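The first chain written gets the first letter, and so on, giving A, B, C, D, E, F, G, H, I, J, K and L; residue counts start at 1 in each chain.
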Amino acid sequence: MQKSVLVLHGPNLNLLGQREPQTYGGASLDAINRGLTDEAAKAGYSLQIFQSNHEGELVDLIQRHAPSSAGVLINPAAFTHTSVALRDALLAVARPVVEVHLSNIYRREPFRHHSYIADIAVGQISGFGPDSYRLGLSALMHHLNTVTP
Amino acid sequence: MQKSVLVLHGPNLNLLGQREPQTYGGASLDAINRGLTDEAAKAGYSLQIFQSNHEGELVDLIQRHAPSSAGVLINPAAFTHTSVALRDALLAVARPVVEVHLSNIYRREPFRHHSYIADIAVGQISGFGPDSYRLGLSALMHHLNTVTP
Amino acid sequence: MQKSVLVLHGPNLNLLGQREPQTYGGASLDAINRGLTDEAAKAGYSLQIFQSNHEGELVDLIQRHAPSSAGVLINPAAFTHTSVALRDALLAVARPVVEVHLSNIYRREPFRHHSYIADIAVGQISGFGPDSYRLGLSALMHHLNTVTP
Amino acid sequence: MQKSVLVLHGPNLNLLGQREPQTYGGASLDAINRGLTDEAAKAGYSLQIFQSNHEGELVDLIQRHAPSSAGVLINPAAFTHTSVALRDALLAVARPVVEVHLSNIYRREPFRHHSYIADIAVGQISGFGPDSYRLGLSALMHHLNTVTP
Amino acid sequence: MQKSVLVLHGPNLNLLGQREPQTYGGASLDAINRGLTDEAAKAGYSLQIFQSNHEGELVDLIQRHAPSSAGVLINPAAFTHTSVALRDALLAVARPVVEVHLSNIYRREPFRHHSYIADIAVGQISGFGPDSYRLGLSALMHHLNTVTP
Amino acid sequence: MQKSVLVLHGPNLNLLGQREPQTYGGASLDAINRGLTDEAAKAGYSLQIFQSNHEGELVDLIQRHAPSSAGVLINPAAFTHTSVALRDALLAVARPVVEVHLSNIYRREPFRHHSYIADIAVGQISGFGPDSYRLGLSALMHHLNTVTP
Amino acid sequence: MQKSVLVLHGPNLNLLGQREPQTYGGASLDAINRGLTDEAAKAGYSLQIFQSNHEGELVDLIQRHAPSSAGVLINPAAFTHTSVALRDALLAVARPVVEVHLSNIYRREPFRHHSYIADIAVGQISGFGPDSYRLGLSALMHHLNTVTP
Amino acid sequence: MQKSVLVLHGPNLNLLGQREPQTYGGASLDAINRGLTDEAAKAGYSLQIFQSNHEGELVDLIQRHAPSSAGVLINPAAFTHTSVALRDALLAVARPVVEVHLSNIYRREPFRHHSYIADIAVGQISGFGPDSYRLGLSALMHHLNTVTP
Amino acid sequence: MQKSVLVLHGPNLNLLGQREPQTYGGASLDAINRGLTDEAAKAGYSLQIFQSNHEGELVDLIQRHAPSSAGVLINPAAFTHTSVALRDALLAVARPVVEVHLSNIYRREPFRHHSYIADIAVGQISGFGPDSYRLGLSALMHHLNTVTP
Amino acid sequence: MQKSVLVLHGPNLNLLGQREPQTYGGASLDAINRGLTDEAAKAGYSLQIFQSNHEGELVDLIQRHAPSSAGVLINPAAFTHTSVALRDALLAVARPVVEVHLSNIYRREPFRHHSYIADIAVGQISGFGPDSYRLGLSALMHHLNTVTP
Amino acid sequence: MQKSVLVLHGPNLNLLGQREPQTYGGASLDAINRGLTDEAAKAGYSLQIFQSNHEGELVDLIQRHAPSSAGVLINPAAFTHTSVALRDALLAVARPVVEVHLSNIYRREPFRHHSYIADIAVGQISGFGPDSYRLGLSALMHHLNTVTP
Amino acid sequence: MQKSVLVLHGPNLNLLGQREPQTYGGASLDAINRGLTDEAAKAGYSLQIFQSNHEGELVDLIQRHAPSSAGVLINPAAFTHTSVALRDALLAVARPVVEVHLSNIYRREPFRHHSYIADIAVGQISGFGPDSYRLGLSALMHHLNTVTP
C-alpha cells in the first residue's frame, strides 16, 4: 500500500503568487501542490494537502490526518514563530516532520529567526522559494525510506 | 439553585491518554471529565465542560458561559504561553479563575515557564497529572465557598 | 464611486461597554461603529466593519475584503502583541493601515508595549478611548486623500 | 472665558519643511501652527505655541505656561527618548498631555521606540506627518471637553 | 505501619495570622497544622511538622527526617527564590516533594516568579491561602498512593 | 515612656576595624554602637543593638524585637543582596526601616548595586563609613518624630 | 576663612511644595535652603545655592563655583538618570560630592534606579524628603572635616 | 562549458563516519563527495571539493576557487558560529551560497542556533544527515539554473 | 572662495588642560583650536569653532552654521552617549560629520562605548588625545576633497 | 611550628557517599578528610576541618579559624552560588583561598556556573570528584610554599 | 605498554616567561614541559606535547594524536573562549579532557569567564600559574587510573 | 637608526579594490601599502607589512616582528570581532597599537560594533576608506614621537 504524507500550508500561503512576489516568488500554491504531488507519485507516495489561516484548524488537521500519514511536510508560515499549539500537536502525533520556508527567515525581522517547530522537526529548509517544498518533500521521503522503513 | 463552574480544556487535550503518556498520563479526557463532574456534584456544583483547539473558540466560550458561571477552571495548555486573547477574555468576564497543568511546566522548555494567565488567576496548580484537575476544582469550589459566597 | 474602508475589531471588543469600563470606557461597539459610519459618510467613504475573536477569521477577512478597500482601520486588541499572521496578511494585501487602541498601551503590562503591527502601519493612535477610533478613521481618510489619491 | 492649550515643539522642529522631507514632510512649522490655531479657534480654544532646542527651556515653558492651560500638546522630538526632566515637569504641572510624532517612531531606530512621555500622557499619536498635530489637538480638546469639563 | 509525611514551613511563616493578613490570610500556623494533621490522619498518614527561619536548620531537618518520610510538603517561603542549599538537600534525600505557596507568587515582585524548588518537585500549588496546604497534602498523598505505592 | 529603635548589623560587621580598613574604615563596631547610643539618648531614644552572621538569627531578632520598637536601623551587609527572608521579616513587622551601608555600594561589584531592602525602606544611606550609621539614626528619628508621631 | 559648600538643585525642584506633595513633601525650596544655610552656619560653613532646569547651566555652575568650594551637595533630580555631562563636570572639578534625593528612587520607575553620579560621589542619601538635604549636608561637612581637613 | 560548483567542508568533517555516528551518521566524507559528484555530473555540473580544519585555509580556498565557480555549497561546521572571516570571504566573492548541516542545529547547544552565514546565503538546510548535502547541491543547482542563468 | 568647516566642542571641553590631565592631556582648548586653524589654513579651509556645555546651544549652532559649512568636526564629549537631539540636528543639516574623542572611549565605563553620532558620521577617531582633532580635521578635509568636491 | 590550613565543607556535603553517588561519587566525607589529613601531614601541614549546613556558621568558622591559618580550602557547595556573606568573610580574613567542587559545575544547571568565590580565590578546581580535594590541598600548599612563604 | 597523554598548549603560550609575568608567571614553556614529563614518567605515563598559535593546527593535532592517547591535557588559552572547532575535535575523539589555565580566568575580563571546553571536560583547573599544569596532569592521570582503567 | 612599524592586514583585505567597492573603496592593498611606505619614509620610519587570512599566522607575525618594532598598525578586519588570540598576542608584545577600519563599523551589522582590540589599543580610527590607514599611521608615529620617545 502506498505511503501517504501530510502537507500543511500555514496562514496567508493561499495568496502565493499574488502576495509580495519579490519575497515569496510568483508561483501559486496550486502550482506548487501539483508539483509536489507529481514528485511524490514518482516516489510511490500520495499526499494529503491542506492550507489554513486558522491555527486551531491546523491543529485539528494534524490530529485527524497525521496518524494515518507516514510523515508531515509543513510550512507553518507566521505560526512558526508564535504557535506552541502546533508544536504540541506535532509532538502528540509523533510523526517525522520536515519544516520548510519559502523565504530565508534569517534575512528577515529578528522575530522570524526563532521557530517553535525546528527543534522537534527532522530538519529545516529555508530560503529557496517554491523549491523549498520540493527539497522538503525529497528530504522527508528520503528520511522515511531510510530511517523509518 | 446549584452553582455552576465552567471547565475549559485547551488545545491537544482531546488527545489525552493517547498522546505522550509518559508526560501526560494515561487517563482520557472523558474519564477526567466524569471524575470532575462527580466531585462537583458531591459539593453541590454543576459543570459546563468544553475542549477546543481554537483560541478564538475558547474566547467565545468564555464570553458565552462565564457570565452564568461562578468560576472558571482552565487548563490553557499551549495557549498558556501565547494567548493574550484568553487573558483578556478572562479579565473581561471577571470571574475567579483557577489554572491547572497536567505536567510540571517548570521542568519543561523555558518558554513553558511563563503563563499569561497565572497573574490574573486565583492560583495555579501544576504537575500532578489528572489529579491537577481534581485539586483545581477543589481549590476553586473552596474559594467560591469562602471568599465569594 | 465611493471609496471603502475596512474596519476590523479584534478579540473581546464585542464586549465593549460591558467589560472593564474603567479601562475601556462605557460605549458599546455598536455605538462606536455607528459613529464611525456617520463620520465616514460625511467624508464620502463607506465602511465594512467586522469583529472577531478568531485570529484566522481576521486573516480571512483581510484577505477577502482588503483588496476592494482603500485602507484598513484596525484595533487588533490582544492580537497586537501575539499575531504575526495578522501582520503577514496586512503586508500581503498592501493597503494603508491605521492601528488604534482604546487604552494607552504604554501604561499597561510590559508585554502590551510591543506591537507586531505598528511598524507596518501608517501610524498608531493609542489611549483616547472610543475617540481613538474617530481619530484613526480621520487619519486614515486624510492619508488616503493626500498620500494615495 | 476661552480655554487655552499649550503647544510645545521639541528640538529641530523649527527646521520642518527644510529637513529630511522624505521623513518629516514639506510643511513648515509656521504653517502647522497656523492650521492648529484655526482648528482650535473653531472649537473655542486658544493656543500658546513654543519651539525650543533646549530641554531646560521646555521645562521652563511647561512650568510657566501649563498651570494656566487646560492641557498640553507636545511633540518632544528627540527629547521623547532621553528627557526625564520633561517627564517630571509634565508630572509636576498635572495637566492632560497628548504626545504626537510626525514620523512613525516604530519604523525607525530601536532607541526611538521608547518614550519617557507615553505612559504619563492621555495618549500618543505617531506617524501621520503634520496631520499628527491636527489629530492630537482634536484628541486633546475632545478629552478636555468630555473627561475634564 | 502508618506512612509519614514531612511538613516544612519556611521563614516568617510562624507569624501567619499576624503578618500582612491581606496577603497571607488570617489563619495561624497552628490552625493550619491542626487541619493538616486531621486530613492526614483520615488518609492514614502521620505528619512531622517544623518551621524555621534558618536555611541551615531546614537543611538539617530535611537530612534528619526526610529519609524516614514517604514525601515532603514544603512552603519554602522566601527561600524559594534564594536557596540552592534547600534544593540540594531535597535532591539528596530523593523523596517526592510538593511545593506550596499561600500567595499567588506570579502576582508579586518579579523575583518571586522563580523557584529553585519547582523543577525538582512533583508539582507546585500557589495562591489559595491556607487552602494551598490542604491541596498540597492531598496532592502529595495521592501521588504517594498511586505513583510510589 | 522612651521610644526604642532596633539596630541590626549584618554578617561580618563584627570584624569592623580589623577588616579591610581601606573599604570600611578603622572604627570598631563597639565604638560605633556607643556613638549611636549617645546620639539616641540625646534625642530621647533608647537602642536595642544586635549583630549576627546568621540570616535566620536576624529574622528571629526582627520578629522578636521590632514589634516593641518604633523603627529599625539596619546595615544588612552581604544579606542586602541575597536575603528575601530579611525583606519578608521587615515587611511582616511593618515598622519604618532605614538601610545604611558603610561603603558606597555603587562603586563596588555590580551584584552590590541591588538591594532587596531599599524599596521597602523609608530611605537608604550609603558611602559615608561609620558616619552612615549616625546619619541613618538621625534620619530614622526625624522620620519617627515627624511622619509617625 | 570660612569653608564654602556648593549646593545644586536640579530640574523641577523650584516647584517643591507645589508639585506632587505626596511624593516630594510640602516644604518649599526656599524653606529648605534657609534650613541648610542655618545648619551650615552653625558648623562654620557658608553655602552657595543654585537651582536650574538646564543641564548646561548646572555644568557651568559646577565649573564656575566648585573650584572655590570645599565640596558639592547635589540633588540632580531627573538629570541623575540621564546626564553624563554633569558627571563629567563633577569629575573635572574633583571635589567631594554628596548626592541626595527627596524620594526613595528605588521605589519608583526602574529607570530611576540608576544614577550617573552615585559611583563618583562620596555617598548617596535617598528617600527622606527634605530631611535628605539636612542629612546630606551633615554627611558632606563630616566628610570634609575628617577625610579632607 | 560545464558550470562548476565549489564544495567546502569545515573543521572535523574529515572524521565523518568515525566521529559520533549517532549525531553525524555513518557515511564517510569520501562517500558523500562521490555521491555529490555523481549528482552534479547528471545535472551537468562539475565540483571542486575541499575540506579544512583551518579557517584561514577555507578563506584562501574561497578567494581562489569561488571566482571561477557558479556557486558555493558549504558546511561550515563549527565555523558557522564563530567565523566572521568566512562570512566576509563569501561576501567578497559574491557567489550564491547554500549552507548545509548534517545535524539539526536547532536541537543542539544554544550557541549552535546562530549562524554567521545564514543571512548571506540563498538558503539553509539542516538536520538530514548526509542527505543535507544532496539536498543542498540540488537547491544550489536549481537556483543557478533558474535565478542566475 | 574658501571652504569652511564647523568645529564643535561639547561639554566640559573648555576645561581642557586643567581637568584630569591623565585622561585628557595637558593641552588647552585654545592651543588645540590654534593648531587646527593653522592646519586648516594650509589646506585652504577656514574654521568656525564653538564650545558649549549646553545641548540646546550646540543644536542651535549646528542649525545656524552647518548650512554654510562644508563639513562638521565634532567632539560631542558627554553628549556622545546621551543626545538624540544632536544626532537629529546633524541629520537635518546633512553635512559630512567626523566624530573625535580625546580619550579611548572603549577603555572607559561601558556607557561610553555607545555613540549616538557614530553611525551617522563619516567616521570616528578615538584615543589620541589632542592629536585626535588634528587627525579628524585631516580626515574631514580629505573626505571633502575627494568624496564631495 | 607547623602551618595550619582551614578546610571547610558546605551544605549537604555531610551526606557524601549516600547522596546521588552518580554525581558526587561514593566516598564518605570522613574518608576524604582522612585522606586530606594524611596528605597535609606529609607536607608538614595540619588541618582544621569543619562541615556545616548553615551559612552563618561557616562565616563564624572563617572568622574564628582563618586568622590562625595559612590558607583556606573550601567547597562552598550550594553557597557557591548564593552567599555574598561567605565571600565577605573570606575577603575580611585575607587568607589565600582555594575553591573546589566535586562535580563539574559547568555541566550542570546554569545557576551553578557562577561562583561568588572564584574571583577572590587563588584558583578553582572543579569536576574531579573526591580527587578535587586532594588537588586543591596540593595547590594551596604549593601556593603557600612558593608565593607566601 | 606505557600509557600516553596528549598535552596541548594554545596560542601565545610559547611566550611564557617573557609575556606579562605578573599575569602568567616567570616560568618558560620548556621548563613547564620538562616538569610535566618528569611527573608523568614517575606515574608510568609518557607525554606528547605540542604548542600552536593556529586553531586549525590544534584541531589537526587532536585528530592525529588523541586516538592513540589515553587522555588530553589542554590549556586552550584564547581559544577557550572562541573555538567551537576545538570543542568539536575533542568531542570527536572521545578522550577524557582536563582543561587548565595559568591565570584565574574568573578575575579577568568577562569574556574570559566562559569556556567552550569546560562542559565537555572531566574538570577544569584555573589560577595556579604553572602549578595548574602539574595539578591538571595529576588529575588526569588519577582519572585515567580510577575511572577508565 | 630608523624606527620600524609593523603593519598588519587581516583576512580578505588582499581582495581590496576587487571586493565590494561600495563598502571598501577601489584602491588595491598594494597601492595602500605603497602610500603608507612613502608617508612613513618622510617621517623617518620604515614599515614591515603583512597580510594574512589566518588568525594563527597573524599571531605568529606579531610574536616575530613586533618586538623589533616601535608600534603596530593593524586592520584586524573580521578578526576584530572574534579573535581573543590576536588580542593576547598584542598584549604579550606590549607595543603601542593603532586599530584602523576602512568602513564605519558602527554603520554595519551589530556584531561589528564590538572590537576585541579597541580597549587595548592607543586608539581606533574607523570609516575613512583607505584614508583610515594614512590617519592611523600618522596617529601612531605621532604617538611614538611624543609619548614613547
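In the analysis below, a residue touches a chain if its C-beta (ideal position, glycine included) is under 8 Å from a C-beta of that chain, and two chains touch if they have at least 3 such contacts.
Please read these numbers as outputs of a predicted model, since none were measured by experiment.
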{"item": "Intersection of contact partners for chain B and chain C", "value": "A"}
{"item": "Contact-graph distance - origin chain E, target chain G", "value": "2"}
{"item": "For chain C placed onto chain D, the superposition rotation in degrees, Cα atoms, nearest 5", "value": "180"}
{"item": "Over-half contact-pair match to B-C, picked out of the listed pairs F-G, C-D or D-G", "value": "D-G"}
{"item": "Whole-Å separation of chain centres (CA-atom averages), chain E against chain L", "value": "63"}
{"item": "Separation of mean Cα positions, chain E and chain C [Å, integer]", "value": "49"}
{"item": "Residue numbers of chain G (touch at least two other chains)", "value": "54-57, 82"}
{"item": "Interchain contacts (touch definition) - all pairs", "value": "A-B, A-C, A-H, B-C, B-E, C-D, D-G, D-I, E-F, E-J, F-G, F-J, G-I, H-K, H-L, I-L, J-K, K-L"}
{"item": "Complex interface listing, chain J residues touching chain E", "value": "10-12, 14-15, 18-20, 52-57, 77-79, 81-82, 111-112"}
{"item": "Residues of chain G touching chain F in the complex", "value": "104, 106-107, 115, 118-119, 121-128, 131-132, 134-135, 138-139, 142-143, 146"}
{"item": "List of chain L residues in touch with chain K within their complex", "value": "54-57, 59-60, 63, 82-85, 87-89, 91-94, 116"}
